[in-house]
Amino acid sequence: MNTLTPNDYTLLLSVLLIPLLGYVVQIFVGRSLPRKGDWMLVGSMFVVMCITVYMFFVHAMGHTGSGPFWNESARTPGGPVFRWLYNTSNVPGDQNLIAGLLYDGLAASMLMVVGVVSFLVHLFSSAYMHGDRRYHIFFANISLFTFAMLGLILSDNILFLFVFWELMGFMSYLLIGHFAHDPDSPRITHAAAACKKAFLTTRVGDTCLFFGMAMFYFLLPREYNQLLEQGLIEGERALSSFRFADLWTMGGQIVEANHGDYPMWMTVAGLFTFGGTVGKSAQFPLHIWLPDAMEGPTPVSAMIHAATMVAAGVFLLGRMFPMMSPEVLQVVIAVGAFTALFAATIGCTVNDIKGVLAYSTISQLGFMVAAIGTGGLGLVAGLFHMVTHAFFKACLFLSAGSVIHGCHHEQNMQKMGGLRKKMPLTFLCMLICTLAIAGMPLFSGYYSKDRIIASVIDSTLTQWRGGNVFALVALPLAAMLTTFYMFRLIFLTFFGEPRDHHLHEHAHESPWPMTGALLGLASLGLFGGHFWLAGDPLSINGTWFTNLVEWQNMYVTSRGGSLDLTQMNMVAVGEHAEKTGHIWAIGVSMTVLALGFFAALWIYGLKKLDPARITGKLGLVYEAVRDKYYIDEVVNATVVRGTMGLAKGQTWIDENIVDGTVLGVGRLGRGLGTLCAWIDKHIVDGAVNWLANTTQALGSVVRLLQTGRIQQYISFAVGGALLLAAFHILT
Amino acid sequence: MGVEAYMGVAGMLFVLGIVCIISRRNILYVLMGIEMILNAANINFVACNRFGNGGVEGRMFAIFVIILAAAEAAVALAIVLNVFHLFQSVRPSDADMLRD
Amino acid sequence: MDLLNLNPENASTLLSWLTFLPLIGMCVVLMLPASNLRAIKIATGLFTFIPLVLATQMYFGTFDKTVSGYQMVQHFEWIKVLGINYSVGVDGLSMPLLWLTTILFFVAVPASETVPRLSKSYFVLLLLLELGVLGVFVSLDFFLFYVYWEVMLLPMYFLIGIWGGPQREYAAIKFFLYTLAGSVLMLIAVIALRLDTGTFSIPELVAIGKAGGFTGPALLGMSFTTWVFWFLFIAFAIKIPAFPFHTWLPDAHVQAPTPISVILAGILLKLGGYGLLRGCFPIVPDAFHHFAYVLGVLGVIAIVYGAYVALGQTDFKKMVAYSSVSHMGFVLLGMAALTEWGMNGAALQMFTHGISSAACFLVVGVVYDRAHHRDLNAFGGLAQPMPRYWALATIAFFASLGLPGMAGFVSEALTMVGAFQSQVGWTDEAIASGWMWGPFQWLTLIATIGIVMTAAYILWALQRVFLGTLNEKYQDFKDISAREVFSLAPLLILCIVLGIFPWFVLDWMEVSVADLMQILTFAG
Amino acid sequence: MFALQDLHLQGLSLLSPELTLVTTALVVLMMDLIWKERDSWRLGAIGLVGLGAAALQLVSAHGTQGTAFGLVSIDNFGGFFKLFTSAATGVCIVFVMLDRRERRHRIGEYYFLLLSAAIGIFFMVGTYNLLLLVLGLELASLASYSLAGFHKGEKRSAEAAMKYVVFGGLSAGVMVFGISLLYAVTGTLDMRVMSGALAIDPVGEGVARSLAVALEQSPGMVALAMILILGGFSFKISSAPFHFWAPDVYEGSPTPVTTFLAVASKAGGFGALMRFFGVLFVAPDVGEMVAAYRNEIGMVLALVAAATMTLGNLAALRQTSLKRMLAYSSVAHAGYVLVGVAAMNQAGMEASLFYLAAYYFMNLGAFGFLLYFSGVTGRETLESLRGMGPKAPMITVPMVIFLVSLTGIPPMVGFTGKLQLLYAAMGPAEGLQLGWLAVCLGLNSVISLYYYMRVVRVLFLEDSDEPRPEPQVPMAVFLCLMAFLTVWFGLFFTPLLDLARSGMDLLT
């Protein structure tokens, strides 16, 4: 269980505090520091990386303690905790949110990945962003962004995960909108729109997540205690809690008491929670923000799309996995697989070099989500893919950035070509990572992707469900398309004759920080998969990573007991089934790799086949794909327009109905003369105005009595007196 | 002939007085209407005094009312005269400067 | 719990000092010559600063946040014949708001620099207004409460009506009429209570209500407590402002000068919520129980509807005004949920919204002072000439958007979770059939729309004002000045501090909220 | 023989305030003939001294009970109104002295008429005998008629006087006729005899019946009589349906006279009315027959009150003349005061007395403001006040206080008055439901806010390039004093409460 000492926790805490401190210093004095303070932040990120790596190798990897690797500072005497809501003692425990650090296998590996990648990205940016007019602000923001991701990984309860989650969204808002302040940037208006779009779209998912969170927080202990009263569970009453461990414990026991099936509300809550993943990890249909996020500077894209932001969704899925009922997991598989395929098709048609990578990111995320949906080993595979993907996708983005940098911010691949002589290092790195993402054996991507396909096959073999079957078809296809468009990118960019000679003349290799970062990441893209495998390249079971993030371990740990695996919608994977699944997977991935590669080679490498002909054949289909299936247009037409229309309508209602209900009556009261006055701003709006109008109208009616004729007065008076007398005598 | 007859007469006189006040077009008649009302009251007082208790209050009241009427008439006539000077009219409805 | 512990050892005159310091300041300012505006400003600043110091000392020093009941109580007979007492005291609900009041009034003085036609009487009225607000927060006697409540009206009328925008007279009288209509209802309810129980003292009324001691007659088929509840509720709902009664707010806000909008949004709206917590719910808890879901519906309507209307605005200030409507909806929702978290969230929301909306109005004021218009569509790219302003504005607006790590999030999260936990209107069979779902769960679900819409209008406004291409008209705008930062900074710091350490206020409220919940749930 | 003389002397001593006023009036008249001054401060001073002396005697006689000549009865209730009247009359005289347009005219008679009207009111509020009540009422009215028409050359003044006299004559007649009917059924003119408080008639020696008996024998007659008498009163207090004269007469009369009519004579009317209904119905030991009838009367009064305040406020909403607006507002206030009477119990009566006291301060202040500005600008329209607020703060800031107090907003005395009235309306005599009246009162104060604030708005929220009006120190001092008292009694109104309560010896 707990193998960390309070000192280790302080070290982990420093991982959070260093970037935060860096941000604060930078935001206030950064402008006046030499080199605008970038060295400070790069240095601090270097320290962070060292700490994470140290923690990983010393504690996580060298974990030999009894039971799985699982540390909660809140459960460690003397461990650092953060009392959030209340600081007084006299508050019931379920209200007093105490946040702590959670350092388990998943956190450890993810933490290290983020540390490494973000350090390299910082290093890269120090050269790439050079001369930017908001250089210091950029560095401050990106380091706070890293802080948010690190906090998200380390938080031991879902509420704080949500807090950092939102903070990350906010920082992405600022970073994507970086150029929206820059009058020199040609994309200023796009950036302004893009950052808003990114935040809003993810915000939709976040709200779902929040609601799902609330449901778990409230309903889980209720159900638990009910079962407790019915005697179906033994133990003491549970209090509401946001802590993952408690959630899993209660959830598991509830499921156990229900003989393995989940209560209905848990499905609903799980779906809401998954909504968060859909938003952050850019799953269909909330993926629309991600391609626009390319408006941000390239390092930001690398951060967002590789290690940090989009990974958060998958990370959440991994954390909340035990709470996901089979129904939810079916949805997860379906959404993931569909996204993978659908984004891959778009990727084949995009000409913007960063656009290709963006869609490939969406597609790869689809892979991870779908894998997690298959459960069991799939979870392992998905998280594993998240790790490897972080390496090679970051590398790809940075190399793309280097290409763009070399070509003076030209992003259209059709204008490039033949750059491999000009920038060999970039080419090398890009090639390695392309092979990795394509799933070339012995490259990092291979292990994870192969594992994903294997788990899909296995789960399909054991449980013949719609989602699995669909995934079984969709994922290999997506893999093939991935290979295709990635090599398309390679061929268009680096091979063949330069299409734009002017561009070609001035193209140049990037300075050392960029290439250095590239090489670092490329090596990770190459070997990043291996050292998880404990030197057993072909093994599936018993590998180190499996042990590390094996979800049963997390689960068992948190419950402090053992559990029959079949109860957690887990495929009971026997030796045999696995081997077959694995062998099949190798075959499938090899085939699709070959197909994709040769297609790309045929069309773009050897130019045997003019792409125009294919597109011409495909016709409308191609246009649909090229225009991203018109998703943006549809969303714009329906959601955005609808919302604005609604808003306008409600404003109108507010001005004319709620206020002016009475305006009508007021008009009647004031007679025809004021009929035209309703346009008048002073008269429109306001039940008060109505009141005023009607009362004033009554006033003028009353004044009609004051004719000034004494005899009429007297007759009125006598009439009134008679009325009174009548009333008085009759009652 | 009981007190009711007298009171009936008084009531008629009262109503007539009010009608006169409301309807006549000459301010002097209006004042007369007021006198009629007061006299209606007087009839009541005297009659009730005669038929009712043996006290003097009724008669006292009647006498005082007559005096009142005289005083009021004096003031009223002075005012009416002033009005006639200024408005050149005895129609009460002609003086309607003060109105909404 | 001891409702009104008048034991001498915790009696003190501090609160009276706090309340009447502005009055003294008013007299001092009246003494000063009208020509010497500078001296007047300094004096006003001084006499808003001393209460701030005093309140801060109370907040951190004198006030003991662990004991329940009222503290620093002062109590003596005022008008014996009618049983009217001068009794003041604070508990965890009023203390933070009291502090907030002093803060915002102090902030409002430097913010008044740019008010046109600024004159001596402006500051006199400002101080008079502070007197009224502080008085409402400290008074424990309904008569006293009402007096202070009305004392606020006239200064506000003048402050909007004289120093306001083009339609100021209309907005001012609208504000005045609306509020007075509400006050009259309150007065009638108070008198009914007095006739029924023979006391004006709020704690005693609470005790009697808790014991179900009201004997008033039922009218038109509605019970006495129901009448009292609705009269009081409408009176306070107009101030909040709750959904159907909110239309005075946009006019008042748009017409009022910046510092007055700050005070209006920051404190005067809170008086409504505070009144509900102090003077309405605990007195007639049974009626409150009975109508809690109505309140919840009103709150959610305000949240969603307000957000949508804000989205539809083209006037920057009007947008912020409607955002106040939306945010105060959370207060109502949280209270109506009848859960610890909901109540805490509502109470905290009053504080946090007081800070963030005030900051937003200051931000709007900054740009208005430079551009002299507030049309969202006419701006653009202002972040380029004024980066520091953009940074501060971003903090302010994301705080009111409810970004985690900032004040707004805590209260909204508490409110939402609390509302979701609410069991108001649950049927037994619903509970039996594990599907634990009721009206408030739906309401919470609907309210999430409001949250998304809030993000929408705030982000859209930020984009239209700050990002994108710069309108060259505004090329040479000065960045935010030191004075403006001085008035804005404290609020923003509080926004962030409260986001990270919400216990900074919650601890103070917790005990009183627990007592309140104990009273409220007692009836149900 | 001696006993008789003693009786006379004692009676005269009880009547000393009245006698003081009579002598003062005559002295003023004579000195006017002797001095022959157009513009005399001295006459006014004499009048003030006389009023002051009367007031002093009233204060010293506070608490003494007694009856002079079986007609004039001395008690705190009457004392309250006499004090009120003398104070109000004094203020009116001050106004005359301050208003140079008034001093064109036969100044002595002016003071004389004011004083004799006050004398009339003294007798009107100080008697249980309907005959003396009518006499006093008529004396006050006759003086007021001539005062209303005092500006001989002015059409408006003359018209006002004409309307006043015709309407007054009518309502006097109506009242007298009602009294005759009441006499017919009870056979007495003394309220206490009617109520059964006194067994034998102190003056007349006839056989008398109490009201309870009369109610059994001929309820219709009694009802008719009540309505007719109420008509007479409601002319005096300018409440519906006999309020139509009020706006015109108030507008047409000279402002000091308007003040007198709106404050002193209105209060006098209330004094008589409250004594009448109080003794007959509210007194503690009325039989259940009368108690049942009391509630019907209370309902009638409540209707009258509601109608009066609503009509007054609505009509005031859109006035352009400040004077006429104040006229309507004083009509509305008559309605407010009636709420207390309609409650038909001691608390209600107290509330009415309290509100009258409050009304004294704020309304006199408002009329003083009107007098000042009509004297400065020569006009009485709201327009003429545009932007005056900052230019004469010592005059206008008190006006704001008066208006706020008239609206009934704390911490002004008007609010505490309204509080008592609401109080009374919500806790009336048992068997009487006046909750609706309370709501009506509340809504009316909201409506009234609208037109009162119009004045404030014109004064402060609008701008003009009119010159700064020349100051008039005594008026400013007076207004500030009134404003101070308005606020002071709003915060510490115990003395007023005690005063009102002490007036309740009427009901014992």
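The chains carry the letters A, B, C and D, assigned in the order they are written, with residues numbered from 1 in each.
Definition applied: a contact is a pair of C-beta atoms (placed from the backbone, for glycine too) under 8 Å apart; a residue touches a chain by one contact, two chains touch by 3 or more.
Source: prediction; values computed, not measured.
Nearest to the global CA centroid, when each chain is reduced to the mean of its CA atoms, is chain C.
Of the two chain pairs examined here, C-D and A-C, it is A-C that is joined by more C-beta pairs in contact.
Between the Cα centres of subunit C and subunit D there is a gap of 45 Å. The distance from the centre of subunit A to the centre of subunit C, each centre being the mean of the chain's C-alpha atoms, comes to 36 Å.
Here the spacing of subunit A and subunit D, counted between their Cα centres, is 79 Å.
The distance from the centre of subunit B to the centre of subunit D, each centre being the mean of the chain's C-alpha atoms, comes to 25 Å. Subunit C has residues 177 in contact with two or more other chains. Residue positions of subunit A with contacts to 2 or more other chains are 692, 703, 706, 708, 710, 714. Of all residues in subunit B, those that touch two or more other chains are 18, 21, 30, 92, 95-100. Looking at which chains touch one another, you get A-B, A-C, A-D, B-D, C-D.
Only residues 65-66, 167, 170, 174, 177-178, 244, 247-248, 251, 305, 308-313, 340-341, 381, 383-384, 387, 390, 394, 398, 403-405, 409-410, 413-414, 416-417, 420-421, 434-437, 444-445, 448, 451-453, 455-457, 459-460, 462-463, 467-470, 501-503, 506-507, 510-511 of subunit C touch subunit A when the two sit together in their complex.
Every residue of subunit A that touches subunit C in the complex is listed here, in rising order: 83-88, 90-92, 95, 134, 137, 159, 162-167, 170, 173-174, 177, 180-181, 183, 188-189, 191-193, 195-196, 199-200, 203-204, 207-208, 210-211, 214-215, 217-219, 222-223, 226, 263-265, 643-644, 646-651, 654, 658-659, 681-682, 685-689, 691-692. Taken together, the subunit D residues at the contact with subunit C in this complex read 390, 400, 404, 407, 409-411, 415, 419, 422-423, 426-427, 435, 438-439, 442-443, 445-446, 449-450, 453, 456-457, 460-462, 492-494, 497-498, 501.
Listing the residues of subunit A that touch subunit D in their complex gives 692, 695-696, 698-703, 705-706, 708, 710, 713-714, 716-717, 719-721, 723-725, 727-729, 731.
Every residue of subunit C that touches subunit D in the complex is listed here, in rising order: 78-82, 121, 146-147, 150-151, 153-154, 157-158, 161-162, 168-169, 172-173, 176-177, 180-181, 184-185, 187-188, 191-192, 194-195, 219.
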